[in-house]
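Two complexes come next, and they have one chain in common, subunit A, joined by subunit B in the first and subunit C in the second.
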Partner chain A sequence: MLELLDITAGYGRGAPVVRGATLTVAPGESVGLLGPSGCGKSTLARVAALLHRPQAGTVTLDGERVTGWRHRAPRARRTSIGVVFQQPRLSADPRLRLSDLIAEPLRAGGRRDEVADRVGELAHTVGLTDDLLGRRPHEVSDGQLQRACLARALVLRPRWLVCDEMTAMLDASTTAALVTVVEEYRGAQGAGLLAVGHDRVLLERWCDRTVRWPEIAVAV
Partner chain B sequence: MTTPSPVLSVRGLGVRFRMRGGRHIAAVTDATFDLAVGECLALVGESGCGKSVLASALLGLLPGNAQTTGSAVLGGGPPVDLLAADERTLARTVRGRRIGLVPQSPAAHLTPVRTVRSQLVEVLRELTGERGPAPGKAAEAAAERAAYPADHLDRYPHELSGGLAQRAATALALIGDAPLLLADEPTTGLDRELVDRTADELRRHTDDGRALLMITHDLAAAERIADRVAVMYAGRIVELSPARDFFGGEGPRHPYARGLLDALPERGFTPIPGMPPELGDLPDGCAFAARCPRATDLCATPPALAPGPGPAVACHHAEERVDA
Partner chain C sequence: MADTTHSPPGAVWRARGRSRRSTRSVRAVTSAAVVGAVALAVLIVPPLVQLDEQAVDLALKLQPPSLAHPFGTDDVGRDLLLRCVYGLRVSLLVGLVAALVATVIGTAVGAAAAAFGGWTDRVVMRLVDTFSSVPHLLLGIFIVAMFRPGVWPVIVSVALTHWLSTARIVRSEVLSLRARPYIDAAVSGGSSRWRITVRHLLPGVLPQAGLAAVLMVPHAMWHESALSFLGLGLPSHQASLGNLVQTARGSLLAGDWWPTLFPGLFLIVPTLAIAGLAGVWRERINPRRRSELML
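== the complex of A and B ==
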């Protein structure tokens, strides 16, 4: 289970952007979190992805209470969550070729021997050609870069996925393609998904259930 | 819908980038369309299909290694061929004065260290040459036209919500009273409610006697306000149809446009298989053939788009019915 209980989070002292939010994702379940822009849903997604330490509340992951965020989280726990962000340009190192971008989590975890197999397999899954794998981010389109970012999120075979507005910058066909990749991965690995977005039609089509922002927070 | 002198008349517009090693990237090929007063044309397509390059070509903002062909005549005043005009003409008489640009991601377009008011006044001074209190008054009027609240004029861009930043950028685009508005992905990253509001406001400005070319990958926004839809694939306009036919009734006629519409979550939610071809390595025939369920030997020759009053489509198999 991925459980967020009574979470209060924000930036700086006073005026937290999330207050008293509670949300649960069961293993293998997909939950869509809907809310307008600026409501704090991305902040909550970052808390769930262990990237932002909440000011109050508890996060429980696979039965264990989370005590450290970012680099303070144990590696095994950090790598059990894959994250895809809204803007691929801002979440990709501009110096890396797409193949290195996808392989980076493996190298950082000392699993270099898996690089060749995993990158080739994932490139095929997300639809990147060898030519594209050799390019750097400025040489590919937003859609192609987001395909690489999704491959990077899946490379360590996470048990949980957090997709924060993964498709907001993409056209309809690329959106449908990436959602299909996520669903096939979840079908094969039984991973749980928290998909954050503002597109009700998309999330209702994609997820087992959707929650609207006011329903999970006492006061926003 | 057709008037004797369109605001913008594009004929056979092509843009090629010269790359290292003598390679060429054909970003836009043979684009032809007209745009009349009070009309909104939505140019839709996947990212990287050449939509934004077309917009840059119309504004004379292409990088140095670009070569253009064809013509793009701006009407609604003394005719100017935007592709042939020199930088001085474009800078002094066209940009801001005869073409207003509504940019993508307005928060990045606004100067972060100046208030909205000071940016409006600066543009007004630059456009009219007036000094003193007059531009200040006109700035407030321009803000009002874009539905930007007067009590937010003294705020800095980072203090604005996405919607307000979009309106501030629109106010800047409208300030010179340009007859042609060019909106480059005006709704990317906005939530649905804001998309609808932004689109409706653009429609209102169009109805006030402007022509609007909206470049977007957001089909819902296009459906909401467009009179006509141009679908671009691999640098070519492959379908140009009245919006009513495109989104309702018969639906799109080009297999690519059909696939794009069918990928929407409220429709089939199925992606088009494969990816678009590289613009530097386009096939001789139809660029969509490799992904197309209807492709035959005929597709080795490029299909032509014949623009007219009704739907125009560049496909050898457009008339075939699919029973799927």
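== the complex of A and C ==
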């Protein structure tokens, strides 16, 4: 279970962005989180991905209470959650070729021997050709880059996926392709998914259940 | 004129864009040519023509420029062209080494301050502010005064007083890079702090740090000249641009212009060329400024 209980989170000393939000994702379940822009969905997604420490509230992952975020979280726990962000341009290091981008989590974990196999396999899964794998982010389109970012999120076979507006920058066919990849991965690995977005039609078709923002958080 | 006013606006914009591009490439080519010529001169001339620092020929003193001595001779009859080339070599050596050392120190300090954050950042940056509040020529004079005159004390003095701005630039750049989602993605992918710094942050600040280093070369050359001019840098018999200008002061008042003009040009022209190259580089790594200008 990925449980967020009564989460209050924000940046700096100002008023918190998220106040008293509660959300649960069961293993193998896909949950869509809907809300208008600026309501704090992404912040909540970052808390769930262990990337942003909340000011209050508890996060429980597989029955264990999370006590550290970012580098204070153990590597195994950090990597059990794969994250895809909204803007592929900003979430890819501009100096890395797409193949290195996808392989980076493997290399960071010292699993160099798996790089060639996993990158080839995932490139095929997300639909990237060898030519594209050799290019740098500025030489590919947003959709192609987002495919690489999804492959990077899946390379360590995470048990949880957090997709923060993964398809907001993409056209309909790429959206469909990426959603299919995520669903096939979930079917094979039984991973839980938290999909954040503002596209009601998409999330309702994609996810087992969707929650609207006002239902999970205390009104500010 | 009539043609221009009647042509569609697109044509005017295109023409303007082309002319801008050519100005830029003219600047790049000129700067590169000058820097290349300077590099060739200081590398090739000294092994071919030995300079005897002590040689004095009073019969030839203060000769105006001629075919035998294109830059004339100084007040003890030494050929100024040769002394200028040797002086430029010393100035470039000081400039390059000092800029490199200062950039390495500045990058390390700035990146460490930004990467650790919190109290480390605050203490380190307040120290940087404290050092910056002392005029750096004064601090440089203080450092040089602790050693016997020579090239290395000058390099140490310039390097130790010039890493501060690089540290600030690198720190702010690292702070802005650290907030990018790709750093979040790396954290989530299991990268350690060290790996993120080495793999993502340092390569990201390298263009900025390199630019700072190139811009610092001429600055460091001017500092060497200033220190030598004040009599604190290199020993006064050694040909350096600062020493040349310093010795020429007396003869300038007597109306002999060449011992001042040529070392001065040798300082200014390479400075402008290096700054020109740095400007072209800056436009390459930060093209937004250019596109904003074009709007």
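Following the convention adopted for this analysis, the second predicted complex is superposed on the first by the 219 of 220 C-alpha atoms of A that agree within 3 Å, B and C clash if a C-alpha of one lies under 4 Å from a C-alpha of the other, contacts with A are read in each partner's own complex, and residues count from 1 in each chain.
In the analysis below, a contact is a pair of C-beta atoms (placed from the backbone, for glycine too) under 8 Å apart; a residue touches a chain by one contact, two chains touch by 3 or more.
The structure presented is a predicted model; accordingly, all values stated were derived computationally and were not measured.
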Exercise. Which holds for A:38: it touches subunit B only (first), subunit C only (second), both, or neither?
Worked result: first
Exercise. Looking at the overlay, what does A:206 touch: subunit B (first), subunit C (second), both, or neither?
Worked result: first
For this session: Return first, second, both or neither, reflecting whether A:143 touches subunit B, subunit C, both chains, or no partner chain.
Result: first
For this session: Considering only the touch criterion stated at the top, classify A:177 as touching first (subunit B), second (subunit C), both, or neither.
Result: first
Exercise. Is A:49 contacted by the first partner subunit B, the second partner subunit C, both or neither?
Worked result: second
Problem set entry | Touching partner for A:127 - first (subunit B), second (subunit C), both, neither | first
Exercise. Which parts of subunit A are touched by subunit B and by subunit C alike?
Worked result: none
Exercise. Which subunit A residues qualify as touching subunit B in the complex?
Worked result: 36-38, 86, 127, 129, 131, 140-144, 165, 168-177, 179-180, 198-202, 204-206
Exercise. Touching subunit C in the complex: which residues of subunit A?
Worked result: 46, 49-51, 70-71, 75, 78-79, 81-83, 85, 87, 90-93, 95, 104-105, 108-109, 149, 152-153, 155-156
Problem set entry | Complex contact set, residues of subunit C against subunit A | 180-182, 184-193, 195, 199-200, 203-204
Exercise. Which part of subunit B faces subunit A closely enough to touch in the complex?
Worked result: 45-48, 161-162, 188-194, 217, 219, 259-261, 263-266, 269-272, 274-275, 278
